[in-house]
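Two complexes, one shared chain (chain A), two partners (chain B, chain C).
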Partner chain A sequence: MMRNDPIKHVFIWPAVLVVLAISIFPLIYSLTTSFLSYRLIPPIPPRVVWFGNYVSLLQEPRFWNAIYTTTLIAFIAVGLQYTIGFAVALALNARVPGERLFRVALLLPMLLAPVAVALVARMIFNPTMGPLNQLLGRFGLVNLPFLTNGHWALGCIIAVEVWQWTPFVVLMMLAGLQTLPEDVYEAAELENASAWQQFWGITFPMLLPISAAVVFIRLIESYKIMDTVFVMTGGGPGVDTETLTLFAYQEGFKKFNLGYTSALSFLFLIAITIIGVTYLALLRPHLEKRR
Partner chain B sequence: MLRRTFLMLATSLATACAASQVNAACSPDYTGVTLTVASQTGPYIASALKLGADEWTKKTCGKVNVVEFPWSELYPKIVTSLTQSDATFDLVSFAPAWLPDFVPYLSEMPKEMQSGKDWDDIEPAYRERLMVWEGNIYSQSMDGDVHTYTYRMDLFSDPKEKDAFKAKYGYDLAPPKTWKQYLDIAEFFQRPEKGLWGTAEAFRRGGQQFWFFFSHAAAYTNNPNYPGAMFFDPETMDAQINNPGWVKGLEEYIRASKVGPPNALNFSFGEVNAAVAGGQVAESIGWGDTGVIAADPKQSKISGKVGSAMLPGSDEIWNAKTKKWDKFPSVLPGPFMAFGGWQIAVPKAGKNQQAAWDFVKTLTSPEVSGQAAITGGSGVNPYRKSHTANLQLWSKIFTPEEAKEYLGAQSDSINAKNVALDMRLPGYFSYTEVVEIELGKAVAGQTTPQAALDAVAKEWNRLTDEFGRAKQLAAYRAAMGLPPKN
Partner chain C sequence: MTRERHPVLDGHWPETERDFMAYVEIENVSKAYGPYKIIEGLDLNVADEEFVVLVGPSGCGKTTTLRMIAGLESVTGGTIRIGDRDVTQLRPGLRNCAMVFQNYALYPHMTVSENIGYGMKVRGEARATIEKAVKDVAKILDLEQYIDRRPKQLSGGQRQRVAIGRAIVRSPDVFLFDEPLSNLDAKLRIEMRTEIKALHRRLAKTIVYVTHDQVEAMTMADRVVVMNRGRIEQAADPITIYEKPRNLFVAGFIGAPSMNFIHGEIVARDGALFFIEPSGTVLAVPKSREAAYTASIGKLVVLGVRPDHVVHQGAPAGSFVRMIVRDVEPLGPHTLVIGTVGAFPFTRRCRSELPPSPIGPFDVGLDLQRAHLFDKASGQAIVA
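Our next item is the complex of A and B:
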């Protein structure tokens, strides 16, 4: 009876319009801009180039380098976050003394703003004044080019990402661990299953759905990395640590090349979608087995 | 009735007196006016703006709010505000290189400010060149910027060092005349085991690195026989950055990175100043801040020993027209107006334009700017004749010998016949971004100097075509002080 009440439109349409205004319209506007040659500085009147921006980007080595760098950071950082996070969660779940203190302390990095973390990291890795190189110097070791060599700089960024976001994995995995039924483990112990066998036979498979979600969230978030790289290396040396979002920022807010940047954003969206869909497709058989 | 009239008269008289007193205290009276100025994060420049703000407040009773942005964020913030024609900022402080991008959105300087004693006191390099765009004045210099050479007098005057240097290189240890001598000196003093290194320059992407490279290259590319051809051919707008002069400049810039403190590749100008003031290096190049900071006993371990000179030069300079090296009878010093000094301007969209220009007048007055110039960390370097002429002013921070060398280097560089101007072009960031990227690769040894500069030239030519070659050529000629091309 209520379904045909016209009053529903009064409640639905404002929400629909708000969603359209704040989400769909900018997306459509951005898509339209991606087909234009449009610069704010120096001011050049917009000109339709259709897929010109996309073709230029796909032929641009810097774009592929940014994809490679972002993928490298995301996969290594998330892999380490998951491994370390899961291990720490298992340790905390084993009721170690001072567990509550650890839990709070471990959450602190996650609560900090990435810019602040990156600033602290930049000081720590500072070649001449940073404590890390000074410490190495005390042990008679050479000064390491933490932020001036491409490989080292990537390593430093990954280390900061791992430090900051592992707590998120710990939190999620710990929550998952605490929902596991005790009786399964009791049965396994009666069968004399070792701790290792219990982990691979019970814990890991039962936590697979939550693991899939955690890795997925972190992977998508890691692809959007910008502030840490911006503060720590600015994308350098050269473009060795330039990520996709930083590349988009340079094009959009330094060069005000709006058409090109919009195309870059859409290519980024496509790349993320492909990665997400592939990831879920690969995991689906394993997840369905769990149902 | 008579009493009431008397009372009213007395009240009116008192009000009039009070008003005249207020007006006398606030001249011109900008009570209730608050100006917002966009600046880079302090202390550099922001502290100078605050110094000017305090003076202006005392004089006019107006208020100034200095809004600070990190260097890398300043350009986008200003551009976004200007292109949207919003009145967020009453004044913007910026690099002269950005002026071509900002000009359509700026108000012209009032004519009455373009004459008089204070106007004539501004060094011609700023007044007649860097402050001018297509014949009009949209901005006022609030800082003078030219790269100069800084060295440790104690090391250079040590008889043991002098003898050892002469024995090794066959000539006297003194401020270098050529870049080869500069590198010899750096190599000579490279003694990591004693905590002393040769030189310090900026090599970090986003850390003012490319201006240091330009300073090296200016000596080989700013040819007086073909003026204005340092960055582009002023006839064709073809990029010159991969010519043999630039390649030589880059080769020497890379060599300088190897005779500096460990991980000098991560140095921005701030680290250069810290290295010089910490007595870690024997010599350095950079803006005038280096000398002022190094002379300040509160910030420096080498105060009283800070020597200054013009940048080294060359006796052969690449000619972009004949595509040959021109040989000169003697070494031509190669001063380079790196960055060109901070400027301040008033956006057209600003709601307090009259008050804003009045603030500019106070901020850049010989008295206020003179005080800022001798304040270490203000970021203000001499740009007025009175700044370099007043030795007494500088005696507050320098010894007489230091002051003489510092002011001599500043003045000689700015007024040198062959002083090279920095590049000023619409789309400046697009041009310099590729320089930063390729410099990073070349300095890290990932590519050769020639290959790096070929990549820059290719991108510069592509950008010029994209932005419109004729328009860019006209802008470039204007920036280099050349007449329009028919």
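Our next item is the complex of A and C:
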């Protein structure tokens, strides 16, 4: 087929239209909405306010609180997921007995629906009736305010996130570990490099590209955390565990303040883009060395 | 050879010892993977500063032997000594061997200088010391202009030089080479061969080198060790291996094209000895060899003739075989004539200026004074 064959349009345009319809159009629609004062209840006709929604959002302490909470959850959870996940992957890569069983068992949490996990977690962490506090009671400890104190509730959400998503890190890092050449380690062994030196000198730098990707994926995903928080705490106590998506949900589907919510989701998009770009810019010099 | 204090190895040999001879002694070493015995009762001594090449077909245990010396492979039985240290149970890092791997095993994320200096860095040596050592090695190996490149940005030959550099920078007791040239093209292989030999002369260190390429073995070694099925078939200097192969395996493995084998029988007739091939060829055993061959009368034997041990003119009667020529391969300096003698494949090498042999039957005179005779049952050479 020649490059200028008009038949190419027949193949390209349907794809372009589908992309426009399902991806670009909603984005533009929501961008337009974000410049309007647009409420469904009470039904007031939309009115153009330009950056009014953005300005009032940026002046809203609850918005900054949501940003802080989300960032806190995302960074601590991903940090723990990466550290624990990498360690588990290293252990599984070392051909321990029963390694295949461990592998399957460790991947199970990732396969569960976050809502189900959050429901179970809510029951376990229930301050008065939950089994965890009962167990602690057996040892003579006082009931802990797992979901009723802001700090404890954040900790519980992070714990659930770590429990559920560490397997993803394990899976990716294990795949990476298995691609590493063996003779490089033999060479290091002959140099009398200790296991620790081999890890920091060889394994970690060689897996840096895949680590960067894993952390990036998990970070972006964690910023979008919704179901776990929604089920476990509903953003409470107060707004102590309210994340950006939950805040957007409250504004959009409790108050039906659509213009405001659209502006919020665009600010969210900008925030994630800034984080992503900064992250990649920080890592670039290290990754480029490895080309 | 005086030995300075080594940060890692101190304490692993007596403090009083200063003259360290880096000979390698392999004593009754065996290796088995589960029920599969790869090596059984291997004995090998490598002298200090000797260049020993282990050669053999794939699966003969040569690489396993090398890896056992390095400590990358455990031994099932026996002892390995380097100098007078028993290193059998010592981990690789404490044996002070440096190894050059077939696939180079360079650290892909490090530059050439980082690769070469990694071992010293691991041992916690001062940065200035490392830099100086790396610089010196880069100079020896002509790598100075590539010092900041990564392995990916280097050619195969350059990568191999980096791998060698990484080995020599730590001044080990023993160098181990595991088929280091097999990933290089033919021309580069010849160049690197010369370089490694020159390096051996310069460093004067013990080298154990594994290859499946007999040309490498013959050209580089002080002593060639031919291995087969986990055993040493013969260990000797290259010329002895070529001129006096101890058995059929060595005779057939060393030499390219390989030795021609004609199976037959030794018979005594009218007070003289003859070699009779089943299809009817009769060769007279030279007088000088009759005494040695008397014991083989009536036994099945194999006559071995190297492709160049043919006589082009004036061969005596009783030294001719009828060769059926099937192909002629001109190689430039010489020509290979390929065919059969009786039921056995036969190749002879002639000078290229001689007229090519016609396809079909052709009488070839053999230089029987230089032929070899082997007992067919045991495969051992019958030495004249």
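FYI, the second predicted complex is superposed on the first by the 290 of 291 C-alpha atoms of A that agree within 3 Å, B and C clash if a C-alpha of one lies under 4 Å from a C-alpha of the other, contacts with A are read in each partner's own complex, and residues count from 1 in each chain.
Here is the rule we use: a contact is a pair of C-beta atoms (placed from the backbone, for glycine too) under 8 Å apart; a residue touches a chain by one contact, two chains touch by 3 or more.
In this text the structure is predicted, and so the values were computed from the model without any measurement.
Q: Now for A:Pro42: first (chain B), second (chain C), both, or neither, which partner does it touch?
A: The answer is first: A:Pro42 touches chain B but not chain C.
Q: Which partner chains sit in contact with A:Glu189 here, chain B, chain C, both or neither? Use first/second/both/neither.
A: second
Q: With both complexes superposed on chain A, which partner does A:Gln178 reach: first (chain B), second (chain C), both or neither?
A: Neither: A:Gln178 stays clear of chain B and chain C.
Q: In the overlaid three-chain picture, which partner chain does A:Thr83 touch, first (chain B) or second (chain C), both, or neither?
A: A:Thr83 contacts neither chain B nor chain C.
Q: Thinking of the overlay built on chain A, is A:Phe256 touched by chain B (first), by chain C (second), by both, or by neither?
A: Touch partner of A:Phe256: chain B, not chain C.
Q: Looking only at contacts as defined up top, I'd like to know whether chain B or chain C touches more of chain A.
A: Residues of chain A touched, chain B against chain C: more for B.
Q: Who does A:Gln134 touch here: chain B (first), chain C (second), both, or neither?
A: It touches nothing on chain B or chain C.
Q: Just checking: does A:Gly150 make contact with chain B only, chain C only, both, or neither of them? Give me first, second, both or neither.
A: first
Q: State which residues of chain A lie in both footprints, the one left by chain B and the one left by chain C.
A: none
Q: In the complex, go through chain B and note every residue touching chain A.
A: Touching chain A from chain B are residues 72, 75-76, 79, 83, 100-101, 104, 204-206, 261-263, 265-266, 271, 274-275, 426-427, 429-430, 433, 436-438, 440-441, 443-444, 446, 466-468, 471.
Q: Using the touch definition up top, name the residues of chain C that touch chain A in the complex.
A: The touching residues are 8, 70-72, 91-95, 97-99, 101-103, 105-109, 118-119, 121-123, 150, 152, 166, 170.
Q: Help me check something: in the complex, which residues belonging to chain A touch chain C?
A: Listed in rising order, the residues are 181, 183-184, 186-194, 197, 201-202, 205-206, 208, 289-291.
Q: Where on chain A does chain B make contact in their complex?
A: Of all residues in chain A, those touching chain B are 39-44, 62, 126-129, 133, 143, 145-150, 233-240, 250, 253-257.
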